Amino acid sequence: MSTGRVEAFSDGVMAIIITIMAFGIEPPIGTDLEALGEVVPSLLVFALSFAPIGTYWNNHHHLLSAAKKITPAVMWANLHLLFWLCLVPVVTAWVADHYEESLPAASYAAVCLLAGAAYWLLTRAIIGANGRDSDFARAIGSDLKGNVSVVAYSAAFVLAFLSPFACYAICLAVALMWIIPDRRLREVS
Amino acid sequence: MSTGRVEAFSDGVMAIIITIMAFGIEPPIGTDLEALGEVVPSLLVFALSFAPIGTYWNNHHHLLSAAKKITPAVMWANLHLLFWLCLVPVVTAWVADHYEESLPAASYAAVCLLAGAAYWLLTRAIIGANGRDSDFARAIGSDLKGNVSVVAYSAAFVLAFLSPFACYAICLAVALMWIIPDRRLREVS
Amino acid sequence: MSTGRVEAFSDGVMAIIITIMAFGIEPPIGTDLEALGEVVPSLLVFALSFAPIGTYWNNHHHLLSAAKKITPAVMWANLHLLFWLCLVPVVTAWVADHYEESLPAASYAAVCLLAGAAYWLLTRAIIGANGRDSDFARAIGSDLKGNVSVVAYSAAFVLAFLSPFACYAICLAVALMWIIPDRRLREVS
Amino acid sequence: MSTGRVEAFSDGVMAIIITIMAFGIEPPIGTDLEALGEVVPSLLVFALSFAPIGTYWNNHHHLLSAAKKITPAVMWANLHLLFWLCLVPVVTAWVADHYEESLPAASYAAVCLLAGAAYWLLTRAIIGANGRDSDFARAIGSDLKGNVSVVAYSAAFVLAFLSPFACYAICLAVALMWIIPDRRLREVS
């Protein structure tokens, strides 16, 4: 089994998530700066959903390119990741409306954690499909970024109940860590 | 004719069905657990639509991979399957609102039955295109899962008028049967 | 230039048109047959949009498969076709609400005519790209179906002002003519 | 790394932008010409969003076809372009409602400018990935069209505060400049 169709399907889902958010932005009512200003929160929700989904798409691209073989387990692990990514826009929208409250922040961290854990599981499933001696497994190595992400998002979830802003800071730090895709994965892709 | 574009188109339709449902979830109004709780039904509809479409996507992937040749009949059979899959979210939403009533349960079973029958027809059409002696036909064999699904969904439809929960139990059992894609299909793909 | 990306883009647009219509169907309010009956018109709009887009997709698939070369003119002609196909759902919805009136019927025929003419132009553009001596040009031949469609839709447009039902009958007849994709195109694809 | 998946993802996003706009058109309420006339503005918004996205898609197709190698920088530059393209429909809708006002015109020009600058950056990133001696770099040459577009959109943005119509005229002129994709890019693709 090749990875072609799994990539195409994931591309479709991520393209839709990214694009539909833009249609949640209503044109301003009126033509002055104040009217334009009222659109800023929904623009922000769009940008804040776009960035993590874009980051996932970028890393997912390299992960799947490096995977030579896939199994049904990989396909289900991939669907599971897409499930949580689909929930990113709605939790982002909730946070945008109530960014000073604990429960929206914790929900945001929870979705990030579940998506991060799903990505970690997908990595495991691809290693299982390609073998521990495969180029893929060697490129992943100890999967430091994957492990750190899951631990950091767990911390972000707990911290949300003490300080939502500490929670957001951790989520941002994890996202920044993934902006540059792994060089070793790119080399075996 | 290769299967590439039929797969791409089906991926597109299934990716959209899966993703759009997530946009039916409105952010909670308020920031306490009660507000979050009010979102649970729409989260559930999303999850309950995601699972069967994901299962169809997984099995469809293997079915088309194993098919070497396609004909216009296969293309129409595939469109017919996509037609019924498009209706899964709306019947799921109806059931979520009125899960104790017979008519929503029966409608859900009816859409499952029609999608299952369309999948069965698609299998027949691919056998017709590849020949009864093809690897594909041998891998399908007597198509036990396909036949059982159609019979079971028919029973679920009738049972819905006696007990909606018996109906759901059958639908769930059929879905579980399809979680692991057919090994023989995977071997010829 | 290969046809791959033109096909992928067209698949995307047609997949979205087909699928989004299904999300226009609201779950019934209530659980009796009357409530279910109130959903029938929107189900019908979905089915009546699905059928022509599905037919276009099928024929477009064979048209592009048979085209060996494309040019920027082909790409623009293809976008032009997609433009009119995007309008099929909205005119179908208008007809569903007011099927006995002339203007909705005429608008429906107009969109069919413009899409049909765009398909005819796309065929011309592909012949232009591949040459009058190409297999593609020979397979198209005199393009009887393309020419008849444009003439018939023009007649349907005019007739709509006399009898909407005569208009619909012609549109249906043209659609039926395209259900089985052209054998000669399939042979050179 | 090949360009396949970047193209597929971009196709997905642009296909959705184009198509979803069509679903913003509500069927006319009533069946006379006046009712039909009330739909014209939303039809116009659809057409005016479709045209630039279609133009971008066409040029993007040739740009990526000509690029032999991509890097993570190209992938991020591409996502950045898609981000601004997603905002085309909403600014178009705002302009359609208030075309005589400066702020909507300036916002439209701003989105055009940011998308144009993103396209310029994408071109730079692809040159960076393929080398200054590559066929791609030679085909781009001094990138006259890319440079002129950024300058012209900047002028359109400023002019919007003096005369919205001068702003629209410049935007239209730039769009016309891109209708015929670059011959040199096509030759190396």
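Letters A, B, C and D mark the chains as written, and numbering starts fresh at 1 in each.
Here is the rule we use: a residue touches a chain if its C-beta (ideal position, glycine included) is under 8 Å from a C-beta of that chain, and two chains touch if they have at least 3 such contacts.
None of these values were measured; they are calculated from a predicted model.
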| item | value |
| --- | --- |
| Fitting chain B to chain C on CA atoms, where both chains share a sequence, rotation angle to nearest 5 degrees | 90 |
| Classification of the chain A:chain D interface as same or different, half of numbers criterion | different |
| Reference chain A; chain at largest CA-centroid distance | C |
| Between chain A and chain B, centroid-to-centroid distance (C-alpha), Å | 26 |
| Length of the line joining the C-alpha centres of chain A and chain C, rounded to whole Å | 37 |
| Residue numbers of chain C (touch at least two other chains) | 8, 12, 16, 20 |
| Sites on chain B touched by chain A in the complex | 7-8, 11-12, 14-16, 18-23, 25-28, 31-33, 35-36, 46-47, 50, 54, 57-58, 61, 65, 179-181, 186, 189 |
| Chain A partner contacts - residues on chain D that touch it in the complex | 1, 5-6, 8-9, 12-13, 16-17, 20, 72, 75-76, 79, 82-83, 86-87, 89-91, 93-94, 97-98, 101-104, 107 |
